[in-house]
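Report on the following structure.
Think of it as A, B, C and D in the order they're written, each chain with its own count starting at 1.
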Amino acid sequence: MSQLIKEGDYVLLYLDRRRTYLVRIEKGKNFHTHKGFVQLENLIGKNYGIIVKSSLGVEFVVLKPLLRDYIVKSVRKTQITYPKDVALMVMFSGIGTGSRIVEAGTGTGALTTALAHCIKPEGRVYSYEIREEFLKNARKNLKRAGLIEFVELKNKDITVGIDESDVDAVILDLATPWLVVPHAYAALKPCGTLVSFSPTIDQAVKTVEALKENSFIDIETVECLMRGMQIARGKTRPHTLMTGHTGYITFARKAIMSEAQSNPSPNRQ
Amino acid sequence: MSQLIKEGDYVLLYLDRRRTYLVRIEKGKNFHTHKGFVQLENLIGKNYGIIVKSSLGVEFVVLKPLLRDYIVKSVRKTQITYPKDVALMVMFSGIGTGSRIVEAGTGTGALTTALAHCIKPEGRVYSYEIREEFLKNARKNLKRAGLIEFVELKNKDITVGIDESDVDAVILDLATPWLVVPHAYAALKPCGTLVSFSPTIDQAVKTVEALKENSFIDIETVECLMRGMQIARGKTRPHTLMTGHTGYITFARKAIMSEAQSNPSPNRQ
Amino acid sequence: MSQLIKEGDYVLLYLDRRRTYLVRIEKGKNFHTHKGFVQLENLIGKNYGIIVKSSLGVEFVVLKPLLRDYIVKSVRKTQITYPKDVALMVMFSGIGTGSRIVEAGTGTGALTTALAHCIKPEGRVYSYEIREEFLKNARKNLKRAGLIEFVELKNKDITVGIDESDVDAVILDLATPWLVVPHAYAALKPCGTLVSFSPTIDQAVKTVEALKENSFIDIETVECLMRGMQIARGKTRPHTLMTGHTGYITFARKAIMSEAQSNPSPNRQ
Amino acid sequence: MSQLIKEGDYVLLYLDRRRTYLVRIEKGKNFHTHKGFVQLENLIGKNYGIIVKSSLGVEFVVLKPLLRDYIVKSVRKTQITYPKDVALMVMFSGIGTGSRIVEAGTGTGALTTALAHCIKPEGRVYSYEIREEFLKNARKNLKRAGLIEFVELKNKDITVGIDESDVDAVILDLATPWLVVPHAYAALKPCGTLVSFSPTIDQAVKTVEALKENSFIDIETVECLMRGMQIARGKTRPHTLMTGHTGYITFARKAIMSEAQSNPSPNRQ
């Protein structure tokens, strides 16, 4: 059966694609917009997906927030994290339910949210961040998304070292990923993955160099451009404006270079 | 503890980025390449990530296959499915562990593999395909990836109807997605998502029109371009060749248009 | 010898890449900016490329406007014309000094300016536009660029017919290019080129269909994405924002389908 | 009147978009293809644009080569030059009929061909190349395009110095453009333009740094992606394969930094 809306839930009030609002359902609380207010209490016990009218008669659809909504609506103290990049980082990392992941830096917690969504309920995200106010903010975002219980937020400098070991993946979005590479090698299980996101080319170059020096293999750097389409019969065209750049994503796997295993030599056969 | 390689496992033998081989570990079996053969039996009980030498002394790294490897290495009877598109479709769909999903067509099973990976162990993928030989092939690919138990392969025409109800997402990659839209609306739980992949613009237009006619909202169509970088200090540049187009991804959510909920009218207050 | 600045010249006052001003040199005239004013008369007899200080001591470089500046600075009554598209259209058209060209619609005259620049001094641009106020505005832009003498502005509907014949190229940027295709075929010299710019896919499709029906060959449609780079040692990256779409450019050449010339048949030899 | 085909002309025999042949018309010569041969002599006196049948009855259209054809068909001893990049470089440079241009390196002469096409008949291209065999090959390509008379090919190292002065533009496509920047500054007329093409990011960075150090302003680096469309009603889509990268184009203008001109100071007024 479908879940009904209950007190304490977050809902996404949808006016149109550009105007959506992530709101917590509380008794006695009204949500005010320039299109009138919505009495949130009235939504309790209703189905997600229904239409509600504001005090001015404007219709909003009451949506259940998806992972992407939590990412995009993350309260920010730093730059935006794009769902397209999060999607690729998760795919490249190979993680899934049950995975144990080290992440740094936590930032807004947007990427942390996506990672927690993927590894729950048995997995765990260890997320490093040196700026305490960022951790506070990230905690709020993770709570709102209902994922805080799968995350350990750590107010530590990951460039100094990683506490965990035998983890499945190390996911990096910080200014100096290359400084983390040796620690990541130590923390990863054999064949574990490292994924790093960096806005500048120079960061990508330094990271790839560090990966090569630290016995990572299968190294790949890509960028991803997403372009929206304006779909209307007879007038279809790509949107005029687009985000031209967010960052480069670098992927690698840990190899165990010291343990080479020989086949019997050909002349012995 | 890390998993050790055992009989029956699939491993990815890695020579370089362009030459990797997905191989099943069997006793008494050799894997032959133009660089000599590898005695697979010798790998049993070893760590993933180690190096093995072929009979000609060439080194291969023995990797644990990731989701992406299974997607790329899917035995194909149809066109390739790109990990970038799979990553975006999964992200847009909002699915996660425990989700119940309808998919069509199964095709090679590459997208099915990704969906099963995301929803396991409690969720389920119901995958429709009309061509029986495709189902057979997909079954093999899913078995190889160890995910067949989370998938129900159905030799049925989804444009005729969907058996399931109250599902979290409907994921489409077939020639006529617009014919499935009304059935998807019926099968989806309130606020459920539909994601459709189509190579041509006209398919995207028809799908968007069907979505609008069937009470879907938050409709968005995008395309995603991924470009690889050649990283080397002093010589860094994007790769010369790139895949210029795979397809358009359309996303939408089911709204319940009939159940509009009114606030108290303004003049009553 | 280099040209010196003289009365009546247009100069481009350059503060930085985002703040440039196309200004006519007149005696007794000041150019006012938020950075103070510049006495334009003082520039007469000076070299292009020098620095001038405003009344507030802010430095402007006095540049000689290039073709691209005239295109970008066109006084507009319609959407912007992008130099990248103009550059490709000129290249594809194969025109050069001496070419005779039919263009429609004139619009702002930005494309007209580029065409006149390419065909001067012996060539001629016949530019059709149905909206008289656009022609007035285009005339101003062409005068400012010093190119009006190479252009014949025609207040006529090109979808009804083209007066000229034996022209080298027909260049189209209007809502219904497909309606012009038969007239373009009649007006072009054998092997002449047609280049059409359209924002929507549907316009491109209709135009290509009309070209195929009217004995054009070598038909090609492309889109061009230009991305700016932010260059700074250690911080180099593409710009965040980019124009994701302007339009599709379609190219074709006129073939003379009726005059097939036979070689002697093989068995006669 | 249209030109008729005459002996010594180059024609483009067009089978389809992928199969075109640049051929010189000579008496008694046959052009052999896998679709039979064409007697070139028979084309003399005919119109461009006509269809000719090969000895096997296959139809070719006899096209007059455009600038773009000469660029694409340049006999190559080095990498390909893309018309899209040539088009942008010409547009950014601001050149036109009558311009005097310095270019290096000559390479295949493809870019030289485009520059000569733009500046003829009164302008001149001074093209530097250190590899003598490249100059020989470029000379052939320029002759074929009928443009050799507007070009001076120089077997000299431009990184050592530029002989010319007061030129309108310096156009660079060589491995170390930054070494040319000081010479370019000396050779350019005030406000002249420099345009440089480089495949790697590091080359672009070094060039931009040299430009900043040498009183160039209005510096801009871009890359241009061109994507072909497959146009067919109901099946329209971008082509699958595309050239993902050719190079970065850097543009700048020479400013005269020493000659700052003051307005009267504000308090004197």
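The rule is simple: a residue touches a chain if its C-beta (ideal position, glycine included) is under 8 Å from a C-beta of that chain, and two chains touch if they have at least 3 such contacts.
Keep in mind that this is a model prediction, so the values were computed, not measured.
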{"item": "Common touching chains of chain D and chain B", "value": "none"}
{"item": "Rounded Å distance, chain A centre to chain C centre (Cα mean)", "value": "44"}
{"item": "Mean-CA-position distance for chain D and chain C (Å)", "value": "19"}
{"item": "Set of chain C residues in contact with two or more other chains", "value": "201, 227-228, 233, 236, 238"}
{"item": "Pairs of chains in contact (touch as defined earlier), listed by label", "value": "A-B, A-C, B-D, C-D"}
{"item": "Interface residues, chain D side, partner chain B - complex", "value": "199-202, 227-228, 233-247"}
{"item": "Interface residues, chain C side, partner chain D - complex", "value": "1-2, 14, 17, 20, 36-39, 42-43, 46-57, 59, 61, 63-64, 66-68, 83-84, 86-88, 90-94, 96-97, 114, 117-118, 120-121, 166, 189-193, 201, 204-205, 208-209, 217-229, 231-233, 236, 238, 248, 253-257, 259-266, 269"}
